[in-house]
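For clarity, chains are labelled A, B, C and D in written order, and residue numbers in each chain start from 1.
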Amino acid sequence: MIIVMHPDATPEEVARIVEKLQSFGAVVSLSTEGGRTVVNGTVETLLQDEAPWDSFPGVERVMPVVRGGRRVGRDFRSDDTVVQVGPVAIGGRSLTVIAGPCAVEGREQMLTTAQAVHRAGASMLRGDAFKPRTSPYTFQGLGKAGLEILAEARSLTGMPFVAEVIDPRDVELVASYADMIRIGTRNMSNQALLREVGRQAKPVLLKRGRAATVEEWIDAAEYVHTEGNPNIVLVERGVRGFDTSARNTLDLTAVPVAKLLTHLPVMVDPSHAAGRRDIVPALARAAVAVGADGVLIDVHPQPEAALVDGAQALIPDEFAALMRDLEAISSIVGPR
Amino acid sequence: MIIVMHPDATPEEVARIVEKLQSFGAVVSLSTEGGRTVVNGTVETLLQDEAPWDSFPGVERVMPVVRGGRRVGRDFRSDDTVVQVGPVAIGGRSLTVIAGPCAVEGREQMLTTAQAVHRAGASMLRGDAFKPRTSPYTFQGLGKAGLEILAEARSLTGMPFVAEVIDPRDVELVASYADMIRIGTRNMSNQALLREVGRQAKPVLLKRGRAATVEEWIDAAEYVHTEGNPNIVLVERGVRGFDTSARNTLDLTAVPVAKLLTHLPVMVDPSHAAGRRDIVPALARAAVAVGADGVLIDVHPQPEAALVDGAQALIPDEFAALMRDLEAISSIVGPR
Amino acid sequence: MIIVMHPDATPEEVARIVEKLQSFGAVVSLSTEGGRTVVNGTVETLLQDEAPWDSFPGVERVMPVVRGGRRVGRDFRSDDTVVQVGPVAIGGRSLTVIAGPCAVEGREQMLTTAQAVHRAGASMLRGDAFKPRTSPYTFQGLGKAGLEILAEARSLTGMPFVAEVIDPRDVELVASYADMIRIGTRNMSNQALLREVGRQAKPVLLKRGRAATVEEWIDAAEYVHTEGNPNIVLVERGVRGFDTSARNTLDLTAVPVAKLLTHLPVMVDPSHAAGRRDIVPALARAAVAVGADGVLIDVHPQPEAALVDGAQALIPDEFAALMRDLEAISSIVGPR
Amino acid sequence: MIIVMHPDATPEEVARIVEKLQSFGAVVSLSTEGGRTVVNGTVETLLQDEAPWDSFPGVERVMPVVRGGRRVGRDFRSDDTVVQVGPVAIGGRSLTVIAGPCAVEGREQMLTTAQAVHRAGASMLRGDAFKPRTSPYTFQGLGKAGLEILAEARSLTGMPFVAEVIDPRDVELVASYADMIRIGTRNMSNQALLREVGRQAKPVLLKRGRAATVEEWIDAAEYVHTEGNPNIVLVERGVRGFDTSARNTLDLTAVPVAKLLTHLPVMVDPSHAAGRRDIVPALARAAVAVGADGVLIDVHPQPEAALVDGAQALIPDEFAALMRDLEAISSIVGPR
């Protein structure tokens, strides 16, 4: 680790840093540049979290040489992780398309949609029973009844399903029905929830927080892994930006960057990124072309009757046409 | 509510919107502008959440006339709310200064700091027993033992204390010790937690999420209020920005804006916004000048030994000097 | 145009707005919602720029119904514009790939690169003679000598070239050599320069400003068009974001959004967006898949000797491999 | 300078970097950390701009130890610069308040406003003759006639005035009338213009670009200084953010940060940051409290008749009340 001292730092302040570094077994060398003492402390373990280096008197800047020490990192495992969800292998050789309505609104809506996306070639089903909403006065999901409808849709189509959980006390319930558990963007930094889904066995779909850097997103995955659950799939879904023409700024750069930093599969949710139907197919095509392991697409048989996010849902015919493009692009970008 | 139809919208599509608006009792008038039909639906209740208006075929844009219908909003109550925390009245005529270490690290550290900030004129104590951290491998707080030390610091100084809660299952425990409960920036959108603190009686300090608009922050407060707890204080603590010279971009504009939109008190946390000690006093002075009801300041007797966020903590002498400035500025900006 | 009055607006304040709207020939209707008077003024011309509506006493919010009135807008022309640059048709049925070094550094570097990208199938050449740099102490370009080298590269390969201009006084010079003129991201809001390139005949490549919304980017194009030059190509090249893993946040959402709002071709520059070579191919593939009319790719025969932006340049072999992918993806996304 | 090699870097790649560093006279030392070779090259001059270090094969990360080498930097001069504009000393012991309309719209408007702000205690006058506007169809300023009116206002009140220049070919004209020249936010990266104002003698007010980091803003000032003009005042005026409740996100953190990095005076423009009158006084108070050397305030005798930015202008009475607060806060924050 490199520690740059302030031009006015005293010899005592430098000595204190050196001594502290040595107390962790570091070999320390000093050099001078731009009127500053540069302290280089080297040791096998990561020093950056061992002490509040930037709090020491006389320190101008702390520059860790390596970010790392994470089990979800490439340094820990160089092969790509493949996450198995029933018959579906996310991160494997074929593209994973998860489709369905944003929320389960009723039995007929869910079953109709499930059959339509199954026919069009989707691999997995989505549909939430617990919805985090910006306003407390809007539809918050059907709860357990919604999970039962999802289970029925799974029986009907053979497709596994993923459902969101928003409360650590509901993890056991959701896990008892769903094939995969989703942590939404609002809860990426909810560490109580991350730990709880880390303690159960179902694979986890972890959405990126709206203002999270790629590094922070990977740190959130580490919270899940650390509790014992290595089956994690990252999902880019747009970050907060200044342009209001779409709901979020889809950050496709994050896909190759995350794949360089971690061995986890990375998917993209263009529907929630866009918030508007007309640009969803273009963004989905781009997501596959950038190298994502799959996409999540909102599909609704009758968007204008949707209780949640109807404006971004494709109708089944649009989804079927999109599937054909995604498979063709995937065949060029692959062999995965 | 105003709904602008697409230039290519059919008469049937317009009729469908009109009919839907009328089904909620709205009086509807139509006009034409820029080749578009403009539908104006007027009724006493708020229509925007009643149907997915932007999902209807032919709709180009939905423009709600009024944002509102929130109990924490100025429309609901025009007088300022004063939140009482033991002897301290936040939002009242005097400035509230909450000070202490970021985390409780031990008995001596906490008691020393408590006495120092008390002497300097602070009104309340801060110090966390449960810490949400970016990495799972760093110090996560002392838990219940930390709360007991905080209670001892309260006895010693007579100052009430606020502590963070990060898991809905810990709310009862934290509330049994603390005088006020804090929801941190990572959990502003954790609705399970918001509802849980809304169901207990202790006042709530609600930090703004790192990527939350002012409107979304107020919506989060509504989640707490809706469960029965009206004693909420908002805290601006910096949003995510592109400049890396400080940890966050302190958004002081949000203070007067939030005070126009809600009747809740608004405080500022310059320490967590800055992440570096040298600019904390300047930002604290600005926070008081912009009209905040108070500030939260990290103080640590020995920042280089701090386990969490030492780089941003003032030492007690710096804090005492700052207190004098804050009181002087407050006397100009007030009578509150 | 819709003007929402403040709940406390007086009848006189409402009357004043009504009268002002009527003075422009608008038909005015009034309604009430949420305790506010809603004024709806309708007329053929766009009213929003006619008066400072939000400056009138009693006004709470101004909501223009239509954004528009721009010659570069879809309302003005519904067919796609095709911009002809010598033999190259940008926005036509085939993908346009502009490649070359960031800056012309010397004769050999430029000619070698030109031949290499020509062999790999590029349609046009890039290379700058005038470089805007963050620091005044770095290489600023070869000036006129650089333009002469570019002209030689054109003769050698038959490919037209685009070069940046950064000073209105250099427009004539650059236009006398180049086949197309580029306005860089730093100058998207430099209206003196926009007007100057609008007054000459060569087509213009207009990069999006680093903090410009899609609407503001289109407004910048309107400055060029308004002076008489309709041959404008928009280039998305990344916006300022909070994640530092790449130099910018490439905003591919802007591509379909801009194509809905304007009839101009839209290209993407993944090299300047990324600032790092390893993710450029993935972003280029995504750009084609999202529907861009072409891409700009930095290519350098020896990136570690580059004077400008070597870290983002592909070597010729990498570029040739990428070309094959881009053509394949283009054939799926098209028929253009 | 520290260069971290990739874990897979070959000995030849390391040797190449070492040799290149030595070619600039650097003393090089190597260490190992986290499986990476860390190369530390030390020399008196700044190495970071000498070669494209991140373009060399095998390099993972380049970490300059010192940012610097700028004449506007604290390393170059530790004393605060005071910029003299006629009788006004910006950066000196007293607060500088520059006030006036956004644009000169006519003789009466300008003279009335000048007298009003003079009476209220302003030190300098603002008012533009050349206006950069987002749309080419809105008012663009009175040009030379506007400058003549400003000169008349100066004669009337004795106050020097600042006016914006947006075209390098107008610098001489504006400089022949104005006491100080302003570079607006849209042109902070317009290096042709920066160089031109650097070549004349009038002091320069340099606004921060909407997406510029503090470092980039200081680099822009260096462009002016490098041409021979050291009389530069920085102005923070809000950056692009995601919240739409004000026009920009005023970044007051940038004020103390910039003052640590440069010796130039730093002012704040709360009017253009806010874009709405009701929060301007609060932001102005905060700007003075955070330590700015002064503020720019839009004042208009009749905001609803303003051709530009009326919504953010204070009326003269509001301005006079604000002046009293600013002076009181300044007296607490100072002795400057």
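Everything that follows uses one rule, which is that a contact is a pair of C-beta atoms (placed from the backbone, for glycine too) under 8 Å apart; a residue touches a chain by one contact, two chains touch by 3 or more.
Only a predicted model underlies this, so the values are computations on that prediction, with no experimental measurement involved.
Which listed pair repeats B-C comes down to matching contact pairs by residue number; over half match for A-D among C-D, A-D or B-D. Look at the CA centroids: the one farthest from the centroid of subunit C belongs to B. Centroids of subunit A and subunit B (each the mean of its C-alpha atoms) stand 26 Å apart.
A separation of 31 Å divides the Cα centre of subunit A from that of subunit C.
Mean C-alpha positions place subunit A and subunit D at a centre distance of 38 Å. Under the contact definition stated at the top, the residues of subunit D that touch 2 or more other chains are 211, 239-242, 244.
By the touch rule above, subunit C contacts subunit B in their complex via residues 1-2, 4, 7, 27, 29, 31-36, 38, 40, 42-43, 46, 63, 65-66, 68, 75, 240-242, 244. By the touch criterion given at the top, residues 49, 51-52, 54-57, 69, 132-138, 166-170, 186-187, 189-193, 209-211, 216, 219, 222-223, 226, 239-240, 276, 303-311, 313 of subunit B touch subunit A in their complex. For subunit D in complex with subunit B, the touching residues are 211, 213-215, 239, 241-246, 249-257, 260, 273-274, 278-279, 282-283, 285-291, 325, 328-329, 332-333.
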